[in-house]
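Alright, structures below, take your time with them.
The same subunit A turns up in both complexes below, where it pairs with subunit B and then with subunit C.
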Partner chain A sequence: MTSTLAAVAARYRRPMTLGNAVLDIHPTAMVAGITALIVVGLVSAGWVAPLVVSVLFVVIAFLAGRGRSYLGTILKLWLAVGLILFVLRALLVKGQTVLVPLGPIAITREGIQDGLRFSIAVMAICGGVTLFFAIVSMRRLMLALERIGVSPRVSYVILASFQAITDLGATARVVLDAQKARGIEAEGNVFVRARAFFPVLAPVFLTAMSATEERAIALDARAFNNPGRHTSLLDLKTWTGVDTALVAVAAAMVAAAVAGGVLGWF
Partner chain B sequence: MVLAALKGVGFTYAYAEHPALVDVDLQLEEGLLHGIVGLNSSGKTTLCSLIRGVIPHFHQGDLTGEVTILGRPLLEWDAAELSRTIGCVFDNPFTQISGIRDSVFEEIAIGLENLGVPRTDMIDRVERVVEQLGIEAIVEKNPNELSGGQRQKVAFASIVAMDAPVVVIDEPTSQLDPEASEAVFEIIDGLKAQGKSIVLAEHKIDLLAQYADTVTVMHAGTVVMSGPTRDVVGSDEFGSYGVVAPEVTELGRRLAAAGRPLDRLPITRGEAFDEISARMRSTHAH
Partner chain C sequence: MASSRFATFMRGYGRLTIFMIPIGIAINFVGGQIALLLKLPIYLDSIGTILVGATCGGLPGALVGLVSNAINSITSPPTFAFAVLNVAFGLLAGYFGRIGVFRVWWKTLLSSLAFAFIGGFCGALITIWVFGGLAVGGGAIVVGALTAMGMDLNTANFVAQMPMDVLDKVPTVLIVYAIIKGIPRRLLVKLPLGWVYLGQPNPRAKKSVAATAAS
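Let's look at the complex of A and B:
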């Protein structure tokens, strides 16, 4: 046996670790934590709480070793989504205190406050979702869900759906390259690219549909339909005290935020 | 026991205008390596799908005649039972990968996970198969990023790992170089030595002639020849269905046409080596 193969096999014999304390938190505990932070950010009335939550997400990403890529993605989202939402709300929400009159519309103090509150809340959701995809391994999450009774079929459908996005992109690139090789112009401004891209969609989806049937047969060949108990090559780390503490804190935060919202603390 | 018995079998895929199989009569025995050859669209893949039960369990269409697999009518088998009993590798390597595993090691283990094999046994079996197929170098790679040939090997490895008593393989070497093709055939030969029954559709007739116990020739959706490899591949009729005979068989025929026939028409390189060596020895002796 080669040393590489032996090392790989030895790795699978041990409980799965991603080499980082944050990444190794049980995936369901991680989902509970991220969800709780989003809820806290949304329930509180002002824009400070969602902003703090957004900053916390960045901190968590850095602790997980995914900070740079997370920060890059989230900054783009703030610019592309957050800014537009803020400007639209600031312009369109009516208020008493007019700061800048702009003909039929006006920028008001209330509009700016509402814009800040709304856009930061939306960005807290975006931040949480982005963090989820950055630090939660879907494979580990599905494995954890299978352990608590979710069918492997459901788990496959979810994992395959995510993979399908990558596959569709790859197929589209292949078809586009083939089009370019035949002399069709696919580089240039937005209109040129769009003119080259839209005709590609039909072959891309047809290819995906025909591949789906063959892939189903290939999975059947791997006993996917076997009704007996399925096992797993990966050994998910057992639930630890840290995971319990995280879920408890998450539950307490959500309870406090909801109670605070109902009782008017914020 | 008979592995597969087909009597008067016809099959037309749903929405197809022409039948893919027409009046097929065939009997394949257990424990042997059965080769299937024929031109493109001659019905090889459909025959493999039928023996594996993909038809009619997945591919809908009009199936006529009688199909018996391991002594039971095909329609009495359920899909899960078939997948445990008959492993299969199909010809398109790009759809043989699950798409949901992060490494080749994990990909090969999928079938074992579905069969409920305990983790320790699973890891041992995957290790053995990886070594057997010589794919140690790609064991950590993402299966979605492999070349066609590598995917083909991984798909094959996955089925070998499942250790089914019957294996149906459709053109396993279509994307492989000659050396890798030979290696795959050696593994298939090893599976046969373990007592497995194998049905192998393949274009590489030289390798098939060397390893297969029987050869079935498909033409226009029907079986036109079937029998022991030597009888089929060495027959004059073999070439009349568009299938090219092994190079050494062609050499033997040309020597015969030139008035210098070998004692026995070779169908494998080994036989050709023996025959030509004997000829050279007798020439030197005279």
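Let's look at the complex of A and C:
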């Protein structure tokens, strides 16, 4: 018994590791790296650089072992956001070289170039943001932020929000089914469906608001409002040479890209 | 240090406000989800912002709006450009709450016009400035269609967004009104703007202390 207890204690004494070199990169270093890649993608004028950056993000996701789910998410984004942005621009941006005349609108070379550039640039930003949250869990990010002096109350608000979105979403679905069973119509024309909205959401939201009181007491019992430094059960891996190197490379890349942009290399 | 400043700021709003903010954020999301589930052609994604603004004050409401859009932009980054709208909803709801707009149903209904103006007019402005008039979402298709019919791109944005936002904000403020009516008095008394809905004078105003004690 004592040996297993000791083993558990030893596991908590070590900083948490996720067993993957990319996943274990310090969240702050990760922010620097991804921001640098996005900046590099956006500084040059064409659509090739942001595309390369987007592909690079996918590669990083695979190195982190999260490639499959990341690829799914990002492909959906490309289809839902990127494609629409591109098509609208291609159709509506006016230009000189008409490729396909379509009545009042026309597809022009300028439109296609503008569309490619704009949509791929937006998608590079989306890709970076999505990658960051695919690799860094919210808990690790907030822990890293707390370590550099962000209030534990801020972490509470963020983490509790994610939890509450999941919980309230589930409760709302349960209440929707319950109210349907009681005869509230959730199908039919728009007005019928809109009327179902109130009896579903009002009880869910009221319960959630009333529960805040208990939550306040529960956190008070755990000395949440204690002005001193909060301890945590898990700790992040300490800042390593890899993290420093990553930040240095990121800074160099941004400097080079911005300088290049100013000097007109691209 | 930043942390202590945030703590001092929150203390001014009482203990419960910090717990109301995550609930408000969740309400924003769940409102949107249920609207999708019921296949309603509106977003209903600012209920939490307005609710927290109306019961806790403008700044907590604005915080709900800001964090909601930040979380939303994890999966759909262009959303973040519109965060300022949600922040404005929170601030305006705080002001409206303080002057008692959400106590009367017809004033609540009228307030939807103000929210719709922010959402529609300023939303269209952001679409034009940030996305060059062509953002993403259902509205973009309408804008595209209007432009194809020969309308100016900027006009098309205003024409498409204003009515959509009125349709969105009317049910939003009505449900906020219904929820506030349903909040139990023992919870209301602990919320920063609860005194408005309990018909009490502002407890922070110095001279009203005697009046409260007398009543």
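Throughout what follows, the second predicted complex is superposed on the first by the 228 of 266 C-alpha atoms of A that agree within 3 Å, B and C clash if a C-alpha of one lies under 4 Å from a C-alpha of the other, contacts with A are read in each partner's own complex, and residues count from 1 in each chain.
Note that contacts are C-beta pairs under 8 Å (C-beta built on N, C-alpha and C of every residue); 3 or more make two chains touch, one makes a residue touch a chain.
None of these values were measured; they are calculated from a predicted model.
Once the two complexes are laid over each other on the shared chain, residue contacts for A:Phe198 go to subunit C alone; subunit B is not touched.
Taking subunit A as the reference, the larger set of touched residues comes from C, when subunit B and subunit C are compared. By the touch criterion defined above, A:Val190 reaches subunit C but does not reach subunit B. In the overlay built on the shared chain, the residue A:Asp167 is in contact with subunit B and with subunit C. Applying the stated contact rule after C-alpha superposition, one finds that A:Thr231 touches subunit B and leaves subunit C untouched. In the superposition on chain A, no contact is made by A:Leu51 with either subunit B or subunit C. Of the two partner chains placed around the shared chain by superposition, subunit C is the only one that A:Ile125 touches, whereas subunit B remains out of contact. By the document's definition of touching, of the two partners only subunit B reaches A:Val8; subunit C does not.
Looking at the shared chain after the overlay, A:Leu85 reaches subunit C, while subunit B stays out of its contact range. Of the two partner chains placed by the overlay, only subunit B lies in contact with A:Arg222; subunit C stays clear of it. Within subunit A, the residues touching subunit B in one complex and subunit C in the other are 152, 156, 160, 163-164, 167, 213, 215-216, 225, 227. Within the complex formed with subunit B, the residues of subunit A that make contact are 1-2, 4-6, 8-9, 12-13, 139, 152, 156, 159-160, 163-164, 166-167, 211, 213-235. Touching subunit C in their complex are the following residues of subunit A: 73, 77, 80-81, 84-85, 88-89, 91-92, 104-105, 118, 122, 125-126, 129-130, 133, 149-154, 156-158, 160-165, 167-169, 172-173, 176, 186, 190, 193-194, 196-198, 200-202, 204-206, 208-210, 212-213, 215-216, 225, 227.
Within the complex, the subunit C residues that touch subunit A are 1-4, 6-7, 10, 15-16, 18-23, 25-27, 29-31, 33-35, 37-41, 44, 47, 51, 63, 67, 71, 73-78, 132, 134, 136, 140, 144, 147-150, 153, 171, 174-175, 178-179, 182-184, 187, 190. Residues 52, 54, 57-58, 79-80, 83-84, 87-90, 92, 94-103, 105-106, 109-120, 122-123, 126-127, 130-131, 136-137, 139-140, 144, 155, 158-159, 162 of subunit B are the ones that touch subunit A when the two sit in their complex.
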